[in-house]
Every structure is written in C-alpha cells, then in structure tokens.
C-alpha cells in the first residue's frame, strides 16, 4: 500500500496537466522508430488511449516509413528521390496508398482498439477530407500539397468519441485520378491548423533541435528558430519538420513539439509531466 | 425539346420506385467485372450516386478479386485454396488487407466522390465495426467468420449524409492479431441484417440463377431456392451467394437479388425500373 | 429491357440538375391554364412531387383565377377592375378568401397528397405569415400590399418534410379586419425573397417574354429587361410578372423564370433538363 | 388600488385551476351562437388566448353553421337533410369546404391573432391529418366519417407555440376526390382522442343536459347518461353531442362538457373558476 | 356564478400584463417585512408562483435581515457597522453564510415548493456563479463586491423550469477563503444585468421614493433620480437601493421598481394590474 | 526525467481503473476526520476532482458532524440522543439545517471549485429532491426517513458537468414544515440507488469491518455480513453504515465500501489502484 500511495501522489501531480488539456485537440505526427519497434508501438497506443480517456482529443497522423520502401523493393519497383523527396509515379502511388491506408492505418486502429479506445482510420480521400494538387508534376509526379481541408469528417469522428487516425493521402477532383502522396509532417501541420488543435507533436528519431554543440535546445521562439535555420544549425531532415512546426504555429496552434519517439512514453512525458522531452516551439 | 419531354416522362416513370425506397438502406455487394472494367466502374458510381441523391441509403461492401491474386503473384507469395476458399497465412493476410482497405476501398470512395456523393471508406477494424473469429484456423488460417457487428459507426456515416464503403476485414480482440479475411458475400449479408437493410443486391458475373435449361429464373422463394440447391441446379460459385441471400432474408431483409454486373447500369435497372435484371429471392 | 436502359440513361442525364438544386428552396407561382386543365393539374402535381422527392424544397403560391370571377358572378356580386387590378370591396374580399383559402388551396393540397407528398395549405393569415396594408384604400379597397413576412411558419412546414401551399391573402393587425387580397405574382416574389429561395418560376399562359418579332427571348439580364419594358416590348399582363421577377432578383433570388404552364411538365423541363422553357432572367 | 387588490385575489383564486391544466391539451368544439354573435366571438377569442397564455394547449374544432346554409341559398343550391344530417352532393361539398376552410377557419385564426396568440388554421386535408370514408354514399353523398387521424401535423403546430384551428373536412386517398364533410361534434371527439386531450368542451346553444323537469344536470356518469338517452330525456339535437362526449370519454379523455356558449366567457368560467357551467360527463 | 363572472373579467384584465412579460426574466430582491411576517411570506410565495405559472421567469435574490443579527447576538459575537455597512470578520462571515445559505434560502425554496413551483436555492459559491473581491478589507473584512458573474448555472435552473433563489454570498478563487458577504441590493442589480432581466423589483419597507412633502413619486427618470439624490431628497437607506436601480438600468434592465413589501400582494399589484405600487425608475 | 518516467508508468497502471469507471456514477459519503482535518479536506477535494476529470461522476453526500454539536452548544441548546440517534426539536432542526446546508455544504463546494471542478451544492429541499417523513415523531421529532427521491435535479447537475454536493435534509409537502434531518449514511445509500450509481463509498474513522481478532476483513458478501451482525462482530456505530451498504447493494449498486477516511487519499487508493483500503461488500 505504501507503493500505492506513491501511485496516487503521482496521479495528483498529473492533475494540472490533465486540466490544462481537457477537451483540447492535440495532433500527433506518428513516425520513425515509434512506428517500427513493437514495444514502442505498444507504448504509443497506451499513451494515446490514456490521453483520450482523461478527456483530451488526440488526432493521429502517420507516415509509412520503411514499409513503403520495403514493398517497393519486394515488387522490384524503382523509386527515386530528388532533394530527399520521393518521386511518385502512378505505380509508386498505388504502393504508397496500399501501405499507408491499408496496412499502417489499420494497424494503428487495431492497436488503439486493443488498448481500449475506439479509433477510426481514414485517408484524406474519405469524405473529401483532403484535396491535393501536384507539388511539381513534371519532377515529382503524384507527390502533392494540400489544397483544401474539410474538417467535418474528422470532427464527426471526434464527436462520436473515437480517435481519428489519418493516412496522408489526398484526393483529387479529377475523375479517375490516383490522388496525391502528401508529406506526413506537412499533412499533420495543415490538419492541426484546420482542426484548430492546441498542440502538435512530432515523434522523431532525434532528441529534438540541437545547437552547434549538439546539445538539446528545449525552448525556441519562431524568430530564434528561423535564425537557426538561416545559420545552418537546423539542417537536413530537421528542416521540413521545423517548417511544419512554424506553419502550425502561424496558423493558430499554441505549441509545437519535436520529441524523441525512441524514448519510452515520450508522449505522456511531454503532455502529463513537468519533463519537457525534446524541443518546444512557441509563437 | 421533344426529346426532353421524353426525359421528363421517363423521370416520372421512376417516381413510384423512388418513393418505395426513399430513406431505405440498400446493401450492394460490389464485385466481379463491375469492379474491373473501367466503363462499368463509372456506371456503378453513377448508379450509387443517383440512388443516394434521390433519397436512398446505399451501403457498399466490396471484394478484392483479381487485385489480391495479382499482388500475391507479383510478390511471389504462394497461395492455396481449399474447396474454393483461400487459405490466409499471416503473409497473405497482410496483402489481402492492403489491397482491400488500401487500394480497392479508396478507389471506390474516390469514384463516388468524383461523381458527387460524399463517401467514407472503412474496414471492419474501424470503430470496432466487425469482430471476427477463425473459420478453421488449422486449415484456413486467418480466413474468418463475423462474430459481432457494431452498427453504430456505419449508422453515423449514413447520418452524416455519406455513403459507407466497407472492406470485408474483421478485427480481433486479441492484442497484436492481424485480423480476419472475410468472404465478401457473407460480410454483405451479415451487414445487411445488422443494419436492418430493406434490400441486398449481389453484382455478379452471371445473369442470375439459371434453371436446368440454363434459362434465367426471375423469382424464387427460399423454399424453391433450397430445393434447387438440393437437386444440384444451383451449384459451384453460386452456392455461397445463394447462402448469403438466404441468411439475409432470414435475418429480416425483404428482398435479395443476384444481378448481372456486366450489364450496364444493372443496379438502376433493378431498383428504378420495371425490369427485373437477374434473380429476386423473397421469403 | 432495351427500353429500360433508355430510362436509366435518362435518369442519369438528370443527375447534374438534381445535384444543383438539392436542398434548395424553389418558389413556384401556380396559375393560368395549369390551374384549370385537369390533365395539366395532374402533371403539375407530379412535377412538384418529383422535385420534392429528389431533395428540393418547392413552395407553391397560387392564384384563384376564374373561380373567383365565377363565384362572384354566381352570387351576382358586381366587381370592378381599375387598370387591370380588382377593386376589393368587403363583400368581394369574403368571396376571394373563400375561393383562395377554401377551394383552390385545398384542391392543390389534395392533389399533392394523392401523388405522394405531404402538403400543408395556409393563407397569409395563418401564424401571422403575411401582414398587409392597403394599396390605395379609396380606390381599391382591400386589395393590398405585403407589409411584413414572418417566414417561421413556412420554414416549420418545410422542416416537417411537407410542401407549403400558400394562398395570397394577408392578415391585418386591426381587430376585425377582413384582411387583404394580394396579387399572387407579387406575393410569390416577396415570399421567395423572405424564404431565401434560389429560384422562382411563374407558370403563365405565354411562351415567355417575346421580342418585337414575337420570338421567345430565352435569357435576359435585369438591365435588358428594363430596357424592353421602357421601349414597350414588354407590356400588358407581362409587366407585373416582370416586375415580380425583378423584385425577387433584387432581393437575392438567383434566377427568375417566366415559363409556359400550358406545355406539359414545363416545370420539370425547366428544372431537370437542358431545355430552357420560357425566359430566364438573372441579375 | 383597493380594487386592484380584488383583482390580485381573484387571480390567486384561479391559481389551482391554472396548475391543474398546465400543459394539458383541451379540445373546444366551437359552434352555435358563440360563433355568430360579434361580442361572443370576441369573448371566445379572449378566453382561448388566456388559456393559451397561462400554459394550456387549446385545440379549436369549428363548425360552419348558418354560413353554409346562407351561401347555398345565395347560390340557389338546393340542399336536403335526412334525419338531421345534410346530404352532401359534390356541389354542396364545394360550398361547405369554401365556407369552412376559407371563411370560418381564417376568421377564427384572425381573431386569435388579433388577441395575441399565434394560430394556424388547417382542414383535415392538410398534411393528411384526417382521412374520411363515406357514411352512406347512396343517401348522404360526401357526408363522411373519419377513418384515420395522423396527429403529427397538429402536434407540430402545438410544439411551435401556436393554437391549431381545425375545419372538419377530411381528405380521401382517391385521386381527384372532393373529400368529406364531417360532423363537427364527431370530428372534435375523434380528434380529442387521437391528440390525447385531457378535456373536451362543446359550446352549444343550450344550458347543458336537462332533466324531465327541464332543470340542468351538472354531473353525469356515462351509465346515467345512457339511461337518460334510453328513456328519452336526452333527445333531438342533444343526442349526437352526447354520443360525441361518450366516444371521447371511452377513448381516454378525462372529462367532457356540454356548456352554454351563449353565456359570456363560459369557457373561462368552466375551466378557471369553481362554477360548473353546463353538464360535465365523466367515466 | 355572478361572482365567477367577475373573476373571469378580472383574469381578462390581467391578460395584457401577462402577455407583456411572458418569457421575460424578472429579478425580485426579497427583504424587509415581506421576509419576516408569516402572512406576507405566504403572499410572496403565491405571487412568485403565479408569475411563474403564467409564463414569466422570476429570479429571487434575498437578504438575511434580522436573522443574522439575532444569531450573532445569540452567539455573543460582536458586530460593527461603519456607514451602515457591516464589518464582516471571519467569525461573522461564517454566521452570515449559515443564515443566508442554510436558513433563509431553504425556507424560501420550501415556501415556493409548497405553493407548487419547483425552486432551486444556490449561493454565489455554487457552480462558480458569483466571484467576489473585498470592498475594503482593512475596514470591512469579508464584505465584498461582485467581480465576476457566470450566468450559466442560473440559466440552467430556469431552463429546467425551476425558480432560482439566490443567497448573496460570493466565492473566491483563493484556496480556503471563506468567501464574501455581498449587499443583497447590489447583488440583485448585478445579477439582473448579467441575466439580461427585463425588470427588477426591490421589496422594501417604504412606500417608495418620497418627495420633500413625503408624498410618493410614482415615476422617475435616471436624471431626475440623481437630482433628488444630489439635493438630499433621496437619503439614508434609500440611497443604496436607488444606486442599485441605476446600476441595473445602466446595464440594460428596462425598469426598476422600489415597492412596498408591507402591502399585501404588492408584487402582483405592480406586475399584473394597472396600479403602480411604489416608484418606477426608467432610463 | 528518470523520475518522470516513473510518473508515466504510474499513470498507465491506473488506466484499467479509469476505464472501468468511466462515465459511472459513484456516491461518496463524506464524513468523520476527512471532514475536519484541513489536510485531509484538501486531499479529499483533490481526489474528487481527479475522479471527475478522468471521466467519473462523483456524487458527494455529507454529514455535519461536530459542527452541529458545537453550534448547539454555543447557542446553549440542549440536545438529546436516544439509541445514538439525535432527537430533532424544531430549534435543533434550524441549527442542523444552517450547519449542513449553509456551512458544510458550501465549504465543500468551495473546496472543489478551488481545486478546479465546478460543484453545485443542494439540500434535499431544492427542486423537491428529497421528501421525508418522520421516523417516530413522538420520540425523535424532525429526525426523518426519505419517502421519495426525484433524481432529475441531480441528473441535471451532472449533465452540466458539475459535481453535486448534497446536504442530507429532506423537505416536506406540509406547508410551513421545517423539513427533516436525515441520517447521512442512509441518505447516501438511498441516493445511490435512486441515481443508479455503480459504487458507494463511506469515508469513516475506522479501517473497515474488523473480525473478532480486530483484523480488517477486506471482502464480504451480504450473507456473511449479516452473519457477522447477527453474531455481534459488527456492532455499535458500524451497524448503521453496514445497513446502508446492504440497502444500496439490494437496490442495485454493484459494490459498497467502508474505507478509512483518515488515510490520506484513501478514495483514490480504493478506486484507482490495486490496493483495497477497507472493506468491500458485494452482492
């Protein structure tokens, strides 16, 4: 029982955090190791279910990561990257969609269901949620940007008491069009703005934003962030994530976080405890 | 304008049919050639959208047909059938799900969206819609039966004014389970009962039920149908469809139809005109 | 069945028109031959019921035409017209109201009911829908104009899924007052504005607006319409209808149509086919 | 102010009566002198408006009385009665309907509107409220009985906060049928049952039920009432009213009253004071 | 029955007053003799219940008057007044709250319940209705002013069909704080503004505002009222009541009344008859 | 951060408990030391607020304990007990009510408000929630039993998202009656049944039910409990609590707990951890 008193005190420490985000929408970009390690997957599901049960409204946007590459390779489909962005041919698009909407999306839905929360998985094609346009058709094919978001379908899912799980595929108004492959970070950011989320978190395979001395920077303003980009401190794969953060903040989201998805329960650590894990960017 | 008067008169002929099914749920099992021919696909989408616009509530349940076999073959995955039923190994299950939930389901959603109706595609895993159990795990692996249906999620989709499009995959309550591959005909039938549908239609690659002389039988009672099964007139691939019809009728659906999906606009012909296309079975 | 395929194709041709006006309010001024010929009456009812069933919200405003004149004559009541407008004495007012609210209104309600749509007939006195004021009491007695519209009662009828059928009689706030006889064209136009209708159609005994060569003009802008009035091309009985059109358009209605009620199913021709019947005026 | 204290005390005396019928439906059959004398009309309107304002739900069913006879006579239409019941030819039916639905109904609506309560006048044809069948077509023509009541339309009017005013005309399911002329007493009684009214009052031109000595009987059971009918004490025009009372009571209405419509404010006297005016019949 | 006709006529005289305030919120500050005399209490309850039954929405705000002083004296707690305002020590605060929230509040609730209206008694602490701040802590201790009103809880009580009865105690956001003792006149005025009441009435032990000749002034503008305050005609205990009236009027309340609570049924006299009792102040 | 991972793991341990009682009503009888010690009060408030925030619906029923005795003594009012039950004279009743409804009730409301949950305090008199009858008027005066519960008012409070806090006072239908003093344990039990609660907990100043060796019994069936009562193991002040438990269980409550209110956070320990604190009785 001694131990259980510690349990109780711990719960009470979380009380102010629970209050702060009660009924708030929180977008989580799920990707990287958190999506591949079995134990991290389980922990991710527990975290989301706990946040949901204590009254928050998590919205999961996921990537497809290695599964896409693996299936393409198994099928012997050649795939090119230009400046780190995938060139999406029609053939690639079909594979991307099958993996994202058919495999990963349903795997997350099942995980959340097994841990006790109703989840509904959709792609941007469902209910006309996301309409896309080509980024640069000549060079990147069906890699696209989001042109329009209709938040109604996701609001309905939340109002039913379910957790929306979203594959970053956008539809097209053109008859017979295969749709668009959207960068998951940018999709998360646009969705956070359209859904009027309070917070967005990116689960990554890094500790967060690092300074020149490779130490974690825990808090950043937009101005400071842009300065770090300008002087090359933020570079490489971190740049699109940072851009997604800034877009979310400029669109009205209160806080954007780059957190380390390899750390167990990093989501709960960030949202329900005094530990900041990773980098928090604010307006 | 002479011609347009014919148009108007035609519309008025459809009036009694429109009235009869206004606000009624109609389950359509979509499969066969109607799912592979580009022009039949377009016509299917037009038909569903028209039914939806004039006040009916279509529910589409689809199979995956040749796409599954093709992808399995492209990936070099061996696949066996016992008595015409696929043996679903874990590896096969992954492919089945990707094709059904990720490719076919979203293709139908996009088709309906492009023709003007909001559609939302789900698999039985979403919102805990379908829970399955193994049919005979030793022999068939993850080929399963439906154990439980929670109609709430599909009712919510209908209440939002959208058309539900359902991939016949069922979830499991077992943590980490890949789910179940459900026969689409049986899924359609069980769903029609659970949703309290008025009518179920199976789009097939046959004219309907044929007698010994290979002529179409347009109307059948359950009793007569069972007699035809007993004497071998109904046999082969028609048997599971007929069984699905009987299960639907026994569960409260008013009429079950086996129609010819290769005939253009066969759905509208059946529902909105005096032509019966195919075979109608009633209690 | 060949024939039924034509039926189906025809239905599909109407699809874009059905989509365009789904859930839109459409005011129809019903009068002239369409109100006196038995076969035209039946066709009118079929047209309205079809529009209603496929999701539009028709609002019928009717005149009384010859029935009023006939009853006045049967009762030996003298009746005068000044500039084509009836002088409404108290005795005439009583007859006008009996014919409009008691005979014509209920006849239309029954017609629609018999063809399968719930209809509710009201006069402007019910629920305080229309309040009037005298146009020029000294010369025209109880012939009036509409002073105030309370759209709530008609919105309630529409929300119940019924078709409102409105007799153009307005009430008065003066205790014991017999009410006002309102010109049906003007009533339709004012009601279209107050109900925020998308479209108003006037069923008349003319092909539409004719040019000097007596040929039908199919499309007009308000400016052009006023020019035609100014130069006398539009004259006589067409003037008040044209004025009603312009008032509706200025009040926010998107399109106003003068159509030929003597042509069978002219309503459906106009709304659900590519044939424009009559004249369409737009802002 | 002395006087105003009396006013206040009087209001408080009415308090228990107001409480008793708060939110209760009360059907009032309006007819006889109360419908012809101008001052009684005004008092009737005041009474209904007061009952409505203090929270009751009055439903007015009216007859047409002398207006029908007068108009028939003005038009030179012969009209016959067999056993006190009008023979309704098609020509008579047209006149009956015009007077009831077009004149009397709207006059009552206006009266109530002018005294401050929203009222909506309908006939049994509106919204399919009353469907009739011939009583004895050969002998009585379009004089009918009520076959079916759909209370929804009247419930909607009450829920909008308006007073329903009902003309005793029933529709028919037969295409082109002129409808049925229903005895207003019987219509009131059937409507009271269908609407689950607590009380029904018949405004008549008699003090109530009289005994052999021509004295008013203030309270009656059904049994006693039937005995008085059997022994001829109740006879003539009182019989159909008594039958209507019994039908209402047998259908679940708590109390039926025959009251003297010639007495000023007899409605309020009966409902809001300790004075019973007329005869009260209970199960 | 002669007498009952007088009753009925009296009811009808009240009709315009009932109409005028139907569905309107009316704040009544209950205090003085009306709160201490048993017969005046009963009359107050009858008045409120009648107003409630005929469709108004009374909100009762009460003081505690002599009960507080008596209990303080019984407990031997010394209590001081500065400029007519109580100095509220922590000990006094506890007594004030017990009397107001525990005794008086529940007594009024029971009175209204016994006379037939559901009543719910709250203090400003309930549901965070009133938050206070000290007026001048050094001199007056826990005597406070209202800093914030959250009208939701009282609106919910009204929407449930109950009468809110409010003790003028305000809560504090400071942990463990005993709350604030609020002047009941000022509380009533602030609440009337926050609840968007149409009228506020103060039941006092005076005939109303008197002129220099000690005659009742029945009507006052704000300007005139302030002039009377400036020249000393309004003075003493009347000043805070007058200030409360002015605050209410400035906040949007239409009329404020100072009435004589010692006159039987003064509330009904004021609201439902032509007698003005006391002084009415308007913008 | 190491420490915060422990925090997170602790939260996750509570997850199954949170799920189990999500949306369930839980009645807590608050009394004894938990109501007098300042630190235990704070902890009680934290516990209730946490339960509320994570989705449960706590209903607090409180006693008055020593405050009543103290105030009676301060006022020099003699008070008698017969068989451990207070004799409630009219004078005592007034004091009881002031303390319960005016002091304790509002103190709890403020505590919960300060910790972040909206709370609304009522007594059984409000909204006619509890109607009482004398237990034995001759001997016990206004000490009463509950005769009728109207759960609507408490359900409304819960539906508003607030925590109901209930003083165990019942009203009477007798005009001018002071009401009844109800034993808080019995009130809690009756309320738990009427509100269809899942669980009832009694905070007491004992470790729970003890066996003859004075060791805690952690689980009991009703039968076993009654045996212990019969053989005198359960005796004294524990008897009425045990009777309240049995009444609740017989009325449909799933579990009843006697827990030690002197242990810090005993509520959370019982509901959200594996520790059973005290005795749990089940059907």
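Lettered A, B, C, D, E and F in written order, each chain numbered from 1.
Rule of thumb we're sticking to: a contact is a pair of C-beta atoms (placed from the backbone, for glycine too) under 8 Å apart; a residue touches a chain by one contact, two chains touch by 3 or more.
No experiment lies behind these values; they were computed from the predicted model shown.
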**Asked** Do the two copies chain D and chain E share over half of their interface residue numbers, or under half; same or different?
**Response** same
**Complete:** Taking each chain's mean CA coordinate, chain B and chain D are separated, in whole Å, by 56
**Item:** Chain centre separation (chain A, chain B; CA means) in Å
**Value:** 34
**Message:** Two or more other chains touching the same residue: where does that happen in chain F?
**Reply:** none
**Message:** Going by the touch rule set out above, what shape does the chain contact graph take here: line, ring, star, complete or other?
**Reply:** ring
**Fill in**
Listed in rising order, the residues of chain F that touch chain E in the complex are 74-75, 94, 97-103, 105-106, 109-110, 113-114, 118-123, 125-128, 152-153, 156, 160, 162, 169, 171-177, 179
**Prompt:** Which bits of chain D are touching chain E when the two form their complex?
**Reply:** 1, 4-15, 18-19, 22, 46, 49-50, 53-55, 116, 264-265, 268-269, 272-275, 277
